[in-house]
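Note that the chains take the letters A, B, C and D in the order they are written out, and that residue 1 is the start of every chain.
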Amino acid sequence: MSDGISKSMAHQRHAKLAVAEMQALVTDGVPLAAYLGCRVLSLDYGTASLCLPFRPELLRPGGTISGPAMMTLADVAIWSAVLSMLGPVALAVTTDLTFHFLKKPPPGDLLAHARTLQLGRRLAIADCTITAASDPRPLAHAVGTYALPERD
Amino acid sequence: MSDGISKSMAHQRHAKLAVAEMQALVTDGVPLAAYLGCRVLSLDYGTASLCLPFRPELLRPGGTISGPAMMTLADVAIWSAVLSMLGPVALAVTTDLTFHFLKKPPPGDLLAHARTLQLGRRLAIADCTITAASDPRPLAHAVGTYALPERD
Amino acid sequence: MSDGISKSMAHQRHAKLAVAEMQALVTDGVPLAAYLGCRVLSLDYGTASLCLPFRPELLRPGGTISGPAMMTLADVAIWSAVLSMLGPVALAVTTDLTFHFLKKPPPGDLLAHARTLQLGRRLAIADCTITAASDPRPLAHAVGTYALPERD
Amino acid sequence: MSDGISKSMAHQRHAKLAVAEMQALVTDGVPLAAYLGCRVLSLDYGTASLCLPFRPELLRPGGTISGPAMMTLADVAIWSAVLSMLGPVALAVTTDLTFHFLKKPPPGDLLAHARTLQLGRRLAIADCTITAASDPRPLAHAVGTYALPERD
């Protein structure tokens, strides 16, 4: 199934913006993501990988990473996966986001992998899986919609 | 990413119920799914594939398959993916479901592929992708939670 | 809070289509809703009330009403609340729907009350609460987005 | 409809923890909410009102308040509405959250009003509406589930 999705989106095409361009959009455009230190690792046409480096400030009592930190990471990862197909159109805005928290995230770096499920003329839909850097089992899943600016 | 998920759930283990047992649960337990003709195709430990055979009654004006028919298919597919890890515990109940409709589904058979993202003691979370039988591009995506009965 | 929402949407304006027009759209446009017998009770500008009359076919083992029947009712109620502000534009399509199932619904008639949270140029967002006809406590909650056709 | 919900939850009962206790849980338990300055305004049995005071750091390009700031506010408001019925059980954890972003939030203080839709033995479900402090029209809506620790 996932292979079908990836193949159908990928087409061997390149991302329409560079990692450094996307990083600049994140850092300038989402102050909370900048504060948290979200880092864009890689972009392909339709997919994006980001990292949230561990900092003690991310912890909540019990020693797990707080939900809003993961939500911020997923939001930015999904935005990156959409912009990888559109180029640097900062004006795409989130219209909905759904999160499922699967396991309590242990202290440590988090990875987010997002993929575009559908790119339409007016809407793009993408999902994201968050894992620990050291363990491929999913800790959180997000899916959401972006409203796209008018294009030619 | 998806490979990580699949591998971490699969462990080369067998589904804890047979296709015919799951089909009986669907037919007896979800009257709308029985009316629509949802068919269980295959089960592995943590995943399930189902089919919704085409019937003209599924169409809405414009010639696409109606949303509630796809929602019913996805609900039953997610339930099947969860029970593949638990066995025939009819009492698992849905607590939330989120759908994204990606493309208008053309008239024709639909396939649903569901996978368990997390099986906990009290909750299971799974997602599902619906495609046309003849095209691997996703038409709809669903993700949801099941509350599990107490186990030993 | 809810008062703020209702007042801000309502403006003492009338629904832009009649109950009988909306009923015809439901009956003709959503075959599953017609099969289930969903009935439009009332429309105001921004809100809609619908009924799902009880039938034994709606039950699942355990004697509760099946999830897909409630999802179909909520989908149609949200569509009605959006069209109450737009008039009979059959082409509005659901892009996402999120359901939370709160209590097991006892056998009996169900009521759905939907309200538009936001009507934009391209998207409308609405939610819906389902109750038993005889008890005001919510049994299910749904929220979703409709993509609107181009308007002048 | 909303009246039915509020009345059925409220029963003229008092919140099971004080505003200052809830504020301490937020400040100590959700580092991002503390950084943002989320403030608990009032609690009743089943409902909670919170404020996110405006700070220029919350803005994103275009002069609107960033999505993750609103998500953090809503998460904490929903948690507060649930704990108002349970008392200070820090261990309730979010299992899912769905956000709809309705309008771009203008620079200024934001208010969040959350209400518990259902309190079960193992799960609680609540929703939240965010508005500007100066305008009752909703800017964002959230709904989610909390898994509750075992109780006697």
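Going forward, a contact is a pair of C-beta atoms (placed from the backbone, for glycine too) under 8 Å apart; a residue touches a chain by one contact, two chains touch by 3 or more.
Model, not experiment: these values are computed from the prediction.
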item	value
Of all other chains, the one whose Cα centre sits farthest from subunit D	B
Interface numbering overlap (same over half, different under half) for subunit A and subunit C	same
Computed distance of Cα centres, subunit D from subunit A, in Å	24
Gap in Å, rounded to a whole number, between the CA centres of subunit C and subunit A	32
Of all residues in subunit D, the ones touching two or more other chains	95-96, 98, 100, 125, 145
Residues of subunit C that touch subunit B when the two form their complex	28-33, 35-36, 57-62, 66-69, 71-72, 75, 90-91, 93-101, 104
Contact footprint of subunit C on subunit D as seen in their complex	1-8, 98, 100, 102-103, 113, 115, 117-118, 120, 125, 127, 129, 131, 136-138, 141, 143, 145
Parts of subunit A lying in touch with subunit C, wherever the complex brings them together	95-96, 98, 122-123, 125, 145, 147
